[in-house]
Amino acid sequence: MTSNQRLRRAIMDPKFTRFITTLIIINAILIGLETFPSIYEPYHMVFTIIDFVILGIFTLEVILKIIVHKTSYFHNNWNIFDFVIVAGSIILYSTPYVSVLRIFRVLRIFRTITTVPTLRRIVSALFMAIPTISSVLLIMTIIFYVYAILGTSFYGDIAPEYFGNIYLSLITLFQIFTLESWASGIFRPVFAEATWSWLYFISFIVIATFIMINLIVGEIVNNAQKISDEIDEDTDEIKEDTSEIHELRKEIREIKQMLQEKNS
Amino acid sequence: MTSNQRLRRAIMDPKFTRFITTLIIINAILIGLETFPSIYEPYHMVFTIIDFVILGIFTLEVILKIIVHKTSYFHNNWNIFDFVIVAGSIILYSTPYVSVLRIFRVLRIFRTITTVPTLRRIVSALFMAIPTISSVLLIMTIIFYVYAILGTSFYGDIAPEYFGNIYLSLITLFQIFTLESWASGIFRPVFAEATWSWLYFISFIVIATFIMINLIVGEIVNNAQKISDEIDEDTDEIKEDTSEIHELRKEIREIKQMLQEKNS
Amino acid sequence: MTSNQRLRRAIMDPKFTRFITTLIIINAILIGLETFPSIYEPYHMVFTIIDFVILGIFTLEVILKIIVHKTSYFHNNWNIFDFVIVAGSIILYSTPYVSVLRIFRVLRIFRTITTVPTLRRIVSALFMAIPTISSVLLIMTIIFYVYAILGTSFYGDIAPEYFGNIYLSLITLFQIFTLESWASGIFRPVFAEATWSWLYFISFIVIATFIMINLIVGEIVNNAQKISDEIDEDTDEIKEDTSEIHELRKEIREIKQMLQEKNS
Amino acid sequence: MTSNQRLRRAIMDPKFTRFITTLIIINAILIGLETFPSIYEPYHMVFTIIDFVILGIFTLEVILKIIVHKTSYFHNNWNIFDFVIVAGSIILYSTPYVSVLRIFRVLRIFRTITTVPTLRRIVSALFMAIPTISSVLLIMTIIFYVYAILGTSFYGDIAPEYFGNIYLSLITLFQIFTLESWASGIFRPVFAEATWSWLYFISFIVIATFIMINLIVGEIVNNAQKISDEIDEDTDEIKEDTSEIHELRKEIREIKQMLQEKNS
């Protein structure tokens, strides 16, 4: 047994995975505690040391896995995620980009999903749903863009905080799409000055909601179609079988006739 | 090969479609940039010229397509949409209806849907969903109308900005239907003066939401029904086949009897 | 042909139904116009006369239908609806209960649903959905009642306008159920004084939404079950048929043996 | 018949169940009436006595059931619920924890669900839906936790009432998840000071809503899968049967050949 094989076995060991998962959870709790100044400030150094040690173990884990799996390590998206999180934490460690580092440290919590297979499967399923809805998203993008331009040029002067430029308009349209304060906060003040603005707001809500609902209905129906396709395959095979019954009957009739001829 | 055939081939060429799609996207980006005064004002002329050129190419495209397809061009709804957008832009070009022209120019962005088949299919599917829900929409219209009249005559004096006339009431009911600020903004102030108003608001929300949910459930079930109909057809054919098994058995029994008779 | 038969034929005539539907629509438009004082006041008398005439024709229609169908007229829920609307309008005609009469007059607009079969079918389908959800509604009632009592006794003093008594609490819970301003308007002010109130609000939202979603999922699944039951029946019949194939084979084997015996 | 058997029969009697249900409803109405000071204060003693008697009967009911069913009484979750409610009421009866006792008394209303089988079945079905969504809930928890930490460290100073600590951030994220005032109340004020905050808010809403919708779609599809599995089993059996048709035909051909050989 080469040292590489022994290493592979050690890394594959469920105990090792459990150890890493435990570390991730400890790490998550620590990051949570850090947000309370009364806990964080007196034990400042303890937090920094534990964090340093955990990052060291994570780095070692990534290095060992790369040694074992070589380039095939990067064929797995979960591994790439792990790698980016750890590498990012190291690169940013003593730079002044503290808030970016903080994000990397918090994102490490998502590594729980990487190490627990059930969660990994669910997240994979969620990502798998994206391509089927991507063309609907493209249409949504076009509609958002068109309405953002119209909103900016029509209501940019009336409500500059909502429609001052395309960037603000897109954010406002997202807010309207979630139906949050679309009337009380945005539409009513605009409506007081632009009589026809109801057409802009209501048409956007109706179109966007209609597409959204159809997207969901479509997803359900697509899945039902997939389920029924399995049954369809079965029935097709059965039909092929049963279609022979006719010929079977014909042949039996021939036999009967033969026998009758002989009998007569 | 006549010149018409050569023209048809040129227009059908995927390269030509790709060229037009690129133009539409450039056009879309330009219209977006125009909303930033800092970019638009110094390059005013450049924008106008590019827009003029693009409109010219679009016009040429429509003319060429009409020459090739003749009257059958207008049998396709997508072509009619293209035609209206281009014709409208030309007619309004040097008129004072600037804001209408602007809408036409922005609507040109929707031509991306016309030229990309995948998007076209999705939008067609969305339009196809409309007739099946049209009778439900009619009932919704009746309910909105009845509640608008009741709201106007009951709360027109209490909350004139919401229920001042049928037109305002309909807009308010749409807002209530989206559940946006229905209580905090509209119901609570009215409720302070009209004790029984909760019946008006809550009944409207319950009825409208109930119909909406049933509409969505109905759409899903309808699609499931369509899927199962395919299976049903198969099983019907199979049943027809298998129903012959009985007769097959009868015939075989006869044969057996014949043989037994002979044997005896 | 008796006069009763002639009457029945006249009433059943699609032309008659179309005439009544037209009257209902005219009536609906008039009631709408009445809400504009500028139109209503100068032509006060005209409106009153047309309304009187239309009510007269509706009354005649109901009387004729009762003559033709006799007591079986009241076995149809739509007829009962028509009767109540017309009878109510007559009884309240010159009473001081003007606002109740107004509701009856507006409800006449719903008679469009009574006369148009497609709409009637949809509304019937909606009513049919109620019994299947009635036991879920009962649970919702219990949950609303429990939370209303808890809300009244816990937050009645903190926010008397929302939780002052059970009646107000129930309305507030309905508002929270629709998620409208539940946090910004109701929860945050209460939370400022009652630290544990988040448990009350969030648990209510989670439970109520969870039941609501399960109700909708259940309705879809029930319908899918019904659809699949049709297929199930078919497959059961087919299975009965195909189960004979075994015995068929046995019999054929016997025949073969008989022939072999003879041949030998 | 032993006294235990007689007792069992008495407890199982539908009349006894109906009696208990009636008591629960009376109890529920009384608790409701207590929230009105004008009714409660003058009849203070009456309420206390009736409540005492009802609690006594409930206690007796629990004791009798334990005598009859012995330890198997506690194998039923509904019984445990009953026991905790009654025991809790007794233990807290004359303690100063009045508000906890009040909750116990109100929770007694949920005993209607325990005694009415239809309601019990629905609630059981609701509880059964929880394990299938538990892993999705775990992912939601991770996402909420990560966003709460990010929110606290980024916006804790800008909006301390919303993001002051993890506890407040989690409540705020729940509010954002329900889409209530997420923009008008929380996002817009933060956005005024933190330009990139739209990324935080919009990404959270998109991710959380996306997971939620997929959870619902998944629940529907799972149920559809279960339904189709029944059909699948049937078709599998049928396929097994019909696959014999081939061999049947082969045998018949052999018979035919035998006969032809003989005939020739």
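So that you can tell them apart, the chains are marked A, B, C and D in the order they are listed, and the count of residues begins at 1 in each.
In this section, contacts are C-beta pairs under 8 Å (C-beta built on N, C-alpha and C of every residue); 3 or more make two chains touch, one makes a residue touch a chain.
Everything numeric here is computed off the predicted structure, so don't read it as measured data.
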Copies subunit C and subunit B - interface residue numbers shared by over half, same or different: different
Superposition of subunit A upon subunit B: rotation angle, C-alpha, nearest 5 degrees: 90
Cα-centroid distance, subunit B relative to subunit C, in whole angstrom: 27
Inter-centroid spacing, subunit C versus subunit A (mean Cα positions, whole Å): 38
Junction residues of subunit D, two or more chains touched: 179-181, 184, 220, 224, 228, 231, 235, 238, 242, 245, 248, 252, 255, 259
Sites on subunit D touched by subunit A in the complex: 135-136, 138-139, 142, 145-146, 149-150, 152-154, 156, 165-166, 179-184, 187, 191, 198, 202, 205, 210-211, 213-214, 217-218, 220-221, 224-225, 228, 231-232, 235-236, 238-239, 242-243, 245-246, 248-249, 252-253, 255-256, 259-260, 263
Residues of subunit C that touch subunit B when the two form their complex: 28, 31-32, 35-36, 99, 102-103, 106-107, 109-110, 112-113, 118-119, 122-123, 125-126, 129, 171, 174-175, 178-181, 184-185, 216, 219-220, 223-224, 227-228, 230-231, 234-235, 237-238, 241-242, 244-245, 247-248, 251-252, 254-255, 258-259, 262
